[in-house]
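Got a structure for you, written out below as structure tokens; questions coming shortly.
Chain IDs A, B, C and D follow the sequence of writing; residue 1 opens each chain.
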Amino acid sequence: MAMKKFINDPDNLVNELLAGFVLAHANKVALAGNKLVVRTHPKAASKVAVVTLGGSGHEPALSGFVGEGMLDISVPGEIFAAPGPPRVFEALKLAHRDAGVLLVVLNHEGDVMTAGIAMEMAEKEGYKVKQVLTHDDISVPSRQDPRDRRGLVGCFPVIKVAGAAAEQGKSLDECLAIAERMERNMATLAVAVTGATHPSTGSVIAEVPEADMIVGMGQHGEAGGGQQPLKSADETAAIMIDALCNDLGAKAGDRLLVMINGVGSTTLMEQYLVLNGVKKALDAKGIVLARAIAGEFLTVQEMGGFQMFAAKMDDELLALWDAPCNTPALVVK
Amino acid sequence: MVTYERWVAMVRAAAGQVRASQDLLSNLDSHGGDGDHGTTMVRAMNCIEQAVEAEQSSSIPALLRAIGWAVMGVDGGATGPLFGTFFMSMSDAAPGDAALDARGLAAAFTAGLAGVQKRTRAQVGDKTMLDALVPAVEAAAAAADGGGSVEDVLRSAFEAARAGAERTSALQARFGRAKNIGEKSIGQPDAGATSVSLLFKGFLEGVRSHA
Amino acid sequence: MAMKKFINDPDNLVNELLAGFVLAHANKVALAGNKLVVRTHPKAASKVAVVTLGGSGHEPALSGFVGEGMLDISVPGEIFAAPGPPRVFEALKLAHRDAGVLLVVLNHEGDVMTAGIAMEMAEKEGYKVKQVLTHDDISVPSRQDPRDRRGLVGCFPVIKVAGAAAEQGKSLDECLAIAERMERNMATLAVAVTGATHPSTGSVIAEVPEADMIVGMGQHGEAGGGQQPLKSADETAAIMIDALCNDLGAKAGDRLLVMINGVGSTTLMEQYLVLNGVKKALDAKGIVLARAIAGEFLTVQEMGGFQMFAAKMDDELLALWDAPCNTPALVVK
Amino acid sequence: MVTYERWVAMVRAAAGQVRASQDLLSNLDSHGGDGDHGTTMVRAMNCIEQAVEAEQSSSIPALLRAIGWAVMGVDGGATGPLFGTFFMSMSDAAPGDAALDARGLAAAFTAGLAGVQKRTRAQVGDKTMLDALVPAVEAAAAAADGGGSVEDVLRSAFEAARAGAERTSALQARFGRAKNIGEKSIGQPDAGATSVSLLFKGFLEGVRSHA
């Protein structure tokens, strides 16, 4: 099956998508410098800035999280490829302030290397910058070494709570502590049912056999190993939430935030069905579904499937999750 | 001696080599990766050529630094930081203004490799660009130690890089996106290692053409 | 290609998706009576209520528009099938108030018949109910008879402005006049690139030849006749916005609201590219892109493609479009 | 005479006919429509049976009204309102409590059709259920006028409905979702017309079994 996408010059994809992005959200985001996405209504300079970086092709992530209550700047890379250190350094320079900057980094090799180099340069300049690394993917067998866990949609709640804390005027150390607490208490598992193509190369980035689903598929089509026959919404929900609860050590009485993140062509209808299945499975365990959210937040082009995210929440994290925000991808009043 | 002009010729030839193999590199990356390595490397080479063009000084360290920074600016996932670091670390090690002799060139490569190894946990055998880069740099050092010429250094480096890249066929990826497909990664050479081999092929070609 | 969807019992789809829907938006919507979707924070009874009906399978539409500043009640039908008159009458009864009820009906035969029967019953009971019919699809050749134009995503802006007017306390006649002004000044054209399957029957509801796109595809896979080779984002944008401007008689200086409504598997990335193409085409005509929005609002399962919507706006319509709302599908601060 | 019990037998047999043809109806609807007509009709039949079960009175108009309301409640797009209106309009026309004779039955059908025609602009020839319903009702009226029995009325109606449904094969759809595919709708009978034919087949079967 040939790629059927509405694109123009494959080498100019990111420029054009950013141009359309700021048209669609003109009252929230703008472009600055070398393809940096910034807020049209910046927060006070006395407050901690929150910055992230990451490949494009996952819209609305990550630039969709720029805005009041979440990110100050995002540095979008090429399709599925982290931006290089020069632009991330430029973002850190732009965000630089006495209150400090929190850099949210998803655990993918390019992102981590880029962030490391940019952080070293920022520190050389005397900027106050701290980093939180998100690695929520539980599909990777070697749990021991967290460096092996990929960063999936968990970056979104981390940005949400850290951004809310920053907006409230919390210190860099406090924001970092909140981000890390969210990070430690979260887990994500992905499932794919249909493949996708790379919009600039046209190559197949994931293929799923006709009757199967693949549990553990990464967000660039990296397989996870959990290939099995396609199951019903309820069965799939139960398998996945069990694995997540297991990873989190969640027990009766714990309060979870659960997100169903559609990655492309899986409908919102199905996401609601799966969420309903999660609720049934959690009820059976006595675990509380404290908050739930469904939708497309971090996509993988037209791939069919979703990422299921769960996190153990405390009062403060719940309040920060509920706090107002005004971004292209999420608005909370 | 590797003069400023010779460095320019070397990186231009390297750019030519990569460009001629764009599809091959992307195809290799499709097998387990995301199929963009050829595109990314070509963008990196375009940036290198622009940087070379724009460089006003005739200082080798400044040239290498500009190249490294340009490669890093390519927004190319892991590739940009790794190859960019290679050039920037060579720059840090190269002495002020003088042209490099064979030993100086090998020492610069060694410094470049050390920089790269600070950025990644990947080792030889993990099916990454290190499988070509490590033997290439070691071969360069050995040739220089044995009194070889600049061309000897580069020929040894290229031959070792090519052999190293070929050996990755039999390996299972333990870094990069391809690690996620486990055993299925065996059977084709690594894209990044192939790029390293092409770079050294270009370096050799550049030095020869600019003798 | 077999259907690859996460579902359970195909006959229980709507119940389950509604259960998941209210879990995901627990602070905004709830279920009442016989599968009616209502607001958790109802507006004052002194204000006009806005109600709609329509088939399911188009999530987030239509129930996703229930909430502050938009709908009071939605009556979801079965997959792609209008609800029957009894439940619509139940909704009108629940919404019944002295200020009156505005019923927004999309022009599809089942919806129109159902609404007609329910309205007659409501009038027999002495309820104050008015109806606005949306028929924005310009792909149907016979423009003369508006009854032949299907209701596509245009229902969303109509609900937005009518809902904002109602929230502001405008009378039923005023709300109706605003809804009708929006309706008269809007046009939609759809394009499909890949097909979809019906989630309860599993049957193919649309097929698009390998290298083609179909301009004019309806939202249940009804073909429109505009089959042609797949074009670039910019070319497709130009073809479609030209047709829309033509239909609207838009000329230099006119202010347009443009929406790119992804119908399923076409990525947000592509929607942004198309929007950027629309901007270029409008700039060339001197027409003002006053407001732009992209995203999935009314979907057609996993179909690839989008609906492009354009409307000529005046100051009042722009203000109502910008007015705050708080619904699952759209939040405006 | 068509007593209350005979009506019950008629609609139950009609439900059986539709149920046995569910896949056929959905397949016919796939061609231009959305492939759900079989499902919708079966849901409608289930609702009818529940309504028949639940009906406490032994009044024919009340039964027909309950059936019509139940069919409307099926949330079945155009089908529910149209078939529901058919039964509700029959109810409006049927006299108080008495069983219907052949003429009364034909008159009820005529009233049902008139109700349906208020809801749709579709005419005979537009490839809809009207292509079966109109000739069926006309044939019923003609049979009754000619002094035929209840069974004669239903046999005429069924035969005319079947012939009408078959004729839709050659027609191009001008209503319903299928109109959007234009000429391509030619070649298969209309789903809704086929349903009408099945309903009348069931009515006839029900009356015969409950003679």
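Criterion: a residue touches a chain if its C-beta (ideal position, glycine included) is under 8 Å from a C-beta of that chain, and two chains touch if they have at least 3 such contacts.
None of these values were measured; they are calculated from a predicted model.
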{"item": "Most remote chain, CA-based centroid, reference being chain C", "value": "B"}
{"item": "Length of the line joining the C-alpha centres of chain A and chain D, rounded to whole Å", "value": "54"}
{"item": "Inter-centroid spacing, chain C versus chain A (mean Cα positions, whole Å)", "value": "29"}
{"item": "Separation of mean Cα positions, chain D and chain C [Å, integer]", "value": "32"}
{"item": "Separation of chain B from chain D, taking each centre as the mean of its C-alpha atoms, in whole Å", "value": "77"}
{"item": "Residue list for chain A, restricted to those that touch at least two other chains", "value": "none"}
{"item": "Where chain B touches two or more other chains, by residue", "value": "none"}
{"item": "Touch-based graph of the chains, sorted into line, ring, star, complete or other", "value": "line"}
{"item": "Which pairs of chains touch, using the document's own definition", "value": "A-B, A-C, C-D"}
{"item": "Chain C to chain D touching residues, read off their complex", "value": "11, 55, 77-87, 108-110, 113-114, 116-117, 140, 147, 198, 200-201, 203-205, 218, 220-225"}
{"item": "Residues of chain A that touch chain C when the two form their complex", "value": "1-2, 4-8, 13, 16-21, 23-24, 26, 56-57, 59-60, 193-194, 199, 208, 210-211, 213, 230, 232-234, 236, 260, 264-277, 279, 289, 292-296, 299, 301-302, 304, 306, 326, 331-333"}
{"item": "Chain D residues touching chain C - in the complex, by the definition given at the top", "value": "26, 30, 32, 34-36, 38-40, 43, 69, 71-82, 84-85, 119-121, 175-177, 180-182, 184"}
